[in-house]
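Next come two complexes, and both contain chain A; in the first it sits with chain B, in the second with chain C.
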Partner chain A sequence: MSQKWLLPLLGYVAFSVAILSVPAMVGDNVFLLNKYARYLALALPAVALALCWGQAGILNLGQGFSFGIGAYAIAMHLKLVASASNPGGLPDFMGWNNVGALPWFWEPFHSLGFAVLAGIGVPVLLASLLGWFMFRARIAGVFVAIITLAMLVVGNLLVVDQQRYTGGLNGMTDLAWLNVLGLQIDPYSRAFYYLTAGSLIAVLMAGFVLVRSKFGLILQAIRGNPERVRYFGYDVARYQSVAFATSAGVAGIGGMLYAMVLEFASPTFMAVPLSLAFVIWCAVGGRQSLLAAAIGAVVVNAIQGSLSEAFLDTAQLLVGGIFVLVVLFLPRGLGGLVEDTATRLHGAGARLRRGREAVEKSVDLPVKRGEVAK
Partner chain B sequence: MSAILDLKGLEVSFDGFKAVSGLDLSVGEGELLCLLGANGAGKSTTLDLICGKTLPTAGTIRFRDRDITEVHEFRRARLGIGRKFQVPTVFRELTVEQNLEVARSEYPGVLSTLRRLGVRRCDRLEEVLELVGLTSKRRAQASELSHGETQWLEIAMLVMQDSQLILMDEPTAGMTIAETSRTCELFNRLRGRHTLVVVEHDMSFVREIAERITVMHQGQVLAEGGVTDIENNEAVREAYLGSRGIAHA
Partner chain C sequence: MAVESFFSQAFTGLSIGSILLLIALGLAIIYGSMGVINLAHGEFLMLGAYATWFMQSQLGVGLLGSLVFVFVMVAAFGWLLERTIVQFLYHRPLDTILATWGIGIMLQQGMRLLAGGELRYVELPGSLDVTLSLMGLELPLYRIFIIVLTVGLLAATWYLMKRTEFGMRLRAVTQNRAIAESYGINSKRVYSLTFAYGAGLAGVAGALVAPIKSVSPDMGTAFVVDAFMVVVMGGVGSLLGAVVSAGVLGELTAGVAYLLNDTLAKVLVFLTVIVVIRFRPQGLFPDRTRS
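Now for the complex of A and B:
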């Protein structure tokens, strides 16, 4: 393994070890554990964004679309489980909206496997479709941002509008706990925390390999100059679509975990502010690295969390301020700062070594003492 | 010599302005053809037509006995057409090695690139780095290279791509004399293995490498022939050499 792999890999491993050791540190404080699980769930859409924006240069302002679909997919399953004892097994909000029988598209969500598959598969499918149209037409840059944002708004409106099937503005509340092979997973438990941390670690590790594969390299090349890549024989639109769809799948996983950790799904998951927040977290951490984006999400959420306990409304303001400062002074985010510092230290070390060598060489000069003075 | 590339009656107009009009051109397999012409004669546009960047409004393009007039750019690249741009175009944020890895595109599908590493060391990579003298800068970011080195990197990428037909748009533009003569050597090593179409303004360079020259004027072929034929051609002198002065180049 080359050095270029080693250092970043150490970073990923350190982060994994750190988040896995959180339960041991917080002890019995299940509220804290739940809070940290929430931060980790929110790291997933930031990682997803680092993948498509940071790597391939596709700025998706509507990441909440995929995130929301993931959340609703798992929420539908958990709602059905919670409603098992209702007449007809009908979710409560359907009863309030005079829905007589369970709609056909709700039926398969009795199966957890189906729900999980849908939570990842539907975002992937829709993103592939949208990506195909966008990237075939060579839409790029700010236009992609606008289209994805529009997609998000449409998704949000649809969810709010179709109250009979989605719970409308209230969303889906009173969800059951996740039940895996007869095991109830309380969102305030270590098991749930590990599920979230494990998902994040798995995604990060897969991402680590992906970014360093030739596929990742082609994405970076496309970010720099799609035209040039095309003349080497790569189907640029396909690469972009795959990156966009993979990113959507990761956001879907994040959405599922987020709905479980909060025990509800709400249209706010698909609202514009949250999707913009994803972008902020990703940019603060550093979009060029998946790990940096994850750390950015956790750090910003932690700051916001602790500030809002103290000052409530001013928290948003402060986070906004941090973002502006980062964009102005650290265009590559905190991750970029760390990287630059490491390079500088390395460079300084190398200069020092070179200097020492030079001094040693000069000592060897075949010039006798006193000769120079003449 | 059988023709690998055959252009017939090509025409392109930009907002009514005909950049290329009624162009016929044939390039033999393994040949090195120099394309000359004054500024705006339509040389770059001709290369754009061959690699698919621009679609013709009329005419046909045949490559290896296949009509590729309507074929998508990336498919043309897969068929064996490589292109170096007039403004050196490399991936500035990637290292020299990574640039060359992108260029190595014998398996350009998503599934195959997923299974490969970002940079694979191999004899071929070493060979190409050596060829353009960038071995010591392999880890450098392309943005740190000098102008001449950037030109070489792009040329190296085309060698790495190993296309049958390589289109070079002003490969020595902005190079020092020493760099240009080095590029000369490089081209002499490429000839035979690849078919080359080279757009160039530097006459001493053209004299050094050219077997056959095609001179373009106002989107058409004005003259074709060997170096001395062209230098002694009256029409060429008037249309092109008068404007740039071939004699002192």
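Now for the complex of A and C:
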């Protein structure tokens, strides 16, 4: 048992050390730091997906719904901070849309604490409701995928439609910097990079424990055979809803960091292509492991980033191609490849040991005198 | 007046519904018979639209003249994809979502490289670019043409599925692949031809929507989501279900759009789909076969 914990834990620690030592390597190149912080922020929705898809078998094609809500929650706060000098403290886009006074539901976003709470809490709440609605009826597989996709489109349409309160297609731009206890955090700085890396590491470590807890075990059992788990007396729908909601909260955190790193929030965060991209990253890394999903997100984004710098137009073509190949030949992603190689090596060693033991044992098989001669 | 606007909205709904059905038909066949969730369906449609644009702007062939060519071309393309990629994923239905999305990304980018990212426009055939006045209603002839053609394609598909040797084989393979194979049916061939047929229908749909929507490499994404809602709400493998759900969603869109606005109409439509799936995951008209 301890060995089962140890190797993966080493992986998580190694990844944490690696991302924490990035600033030391890139030095004062704040543009690179910003780029890497963006990759790490995007790793969070992939981790969230690994949690509900990889562990509990719930394929959420609308992860962008939670991600977007997180992004908009923090953007509302930062927009208010940036608009403090405007007449009435009103954000610029509201002025363009003839909104006279700040709407009531914008008021509490003056507080950073409330915004952060909303960025996590609202996705969790909505996902709990949707999860309860779906899983009570034992909706599974493709139907979950379609419902979450429909939910995403609804969210996207509403955000675009309610231009007066959301900035519509343009989203919210010109956001202020995050201000924690009087400390301004520039998205192009080490401090911001550490904030993002720290959040990702905290989520990964919490996820590491969660996956290996009894709760995680039940989720995996549900993924394997929900009917049997139900026979054991577990409330399958409740476990699924909790997994779904937790995953939404993680995606919300990712959305908040992503809006801060880009300094804007846009309805494209809630568009179908980005949500399917989350699925791609998660699958390329390996959906069965949270760490693998995070690495998948970083790797795919890094490839995409460097390819599009090298030859602008063909980048997407190659990314799509890589993805098709991964689905065809590595259904469990890069993480699965590493795992298989490890077990094969381990298995070969074990077989060798077993073989040696068998040989040793066979030597003193008791043979009675005269038995062979007959 | 109220009666007229009612009929006018009903016609708009019928028109939206026919386009939805046109787009969803190919998807319904592929999903219904093989369980493949083809997210590249929107890109097949996009290919059809671009092929029509190319024929019209470069070769001077009109929309109607290019329909058959578009069908054959996109069907051949679909056949190729089935042979090279999709056929390896039949036992992993959720993975088909991922692989076909990857294919979709490649097709989008490929088209962007080939034809450029700007919007393209396809002209209506001159003979259809008129508006009929019927009992005080203004009916664009092209919309009527789409409705008629959709009904025609639907009838052809129904005939193919229920009245031909090929359709019988397909239904046999869908019901039980192993037993169908033991009767000498080449299931691989049946599957690849079905996939090609579904892709070809998407191509024709793309050609037909090209004049009313603008043509761009990423035009498919919105269509594929709508088409999926139609297919899932209608019930897997049910042509009748697809027809009814396309009709319901079309009328609902038109009606709510008339009373409120377009966006809220779409929002309500999607919420309706969610509720329907929740209470009838088998769809409105499930196919009564043993699986």
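Just so it is clear, the second predicted complex is superposed on the first by the 349 of 374 C-alpha atoms of A that agree within 3 Å, B and C clash if a C-alpha of one lies under 4 Å from a C-alpha of the other, contacts with A are read in each partner's own complex, and residues count from 1 in each chain.
Note that in this section contacts are C-beta pairs under 8 Å (C-beta built on N, C-alpha and C of every residue); 3 or more make two chains touch, one makes a residue touch a chain.
Because the structure is a prediction, the values reported are computed rather than measured.
By the touch criterion stated above, A:Arg228 is placed in contact with chain B alone, chain C being left untouched. Of the two partner chains placed by the overlay, only chain C lies in contact with A:Leu158; chain B stays clear of it.
Touch criterion not met for A:Ala350: it reaches neither chain B nor chain C.
In the superposition on chain A, A:Leu10 makes contact with neither chain B nor chain C.
In the overlay built on the shared chain, the residue A:Leu149 is in contact with chain C alone; chain B does not reach it. When the two complexes are overlaid on their common chain A, residue A:Leu317 makes contact with chain C while staying clear of chain B.
Annotation for chain A, partner touching more residues between chain B and chain C: C. Within the superposed three-chain model, A:Leu328 lies in touch with chain C and out of touch with chain B [touch as defined at top]. Note for the complex: chain C touches chain A at residues 37, 39, 85, 88-89, 92-95, 97-99, 101-106, 108-110, 112-113, 218, 221, 225, 228-229, 232, 261, 263-264, 266-267, 270-271, 273-274, 277-279, 281. Contacts from chain A toward chain C in the complex involve residues 59, 61, 133-134, 137, 139, 141-143, 145-147, 149-151, 153-154, 157-158, 160-161, 272-273, 276, 279-280, 283, 313-317, 319-321, 323-324, 327-328, 331.
Residue ranges of chain B in contact with chain A, taken from their complex: 51, 53, 73-75, 77-78, 82-83, 85, 89-94, 98, 101-103, 105, 108-110, 113-119, 157, 161.
Residues 210, 212-218, 220-221, 223-225, 227-236, 238-239, 242 of chain A are the ones that touch chain B when the two sit in their complex.
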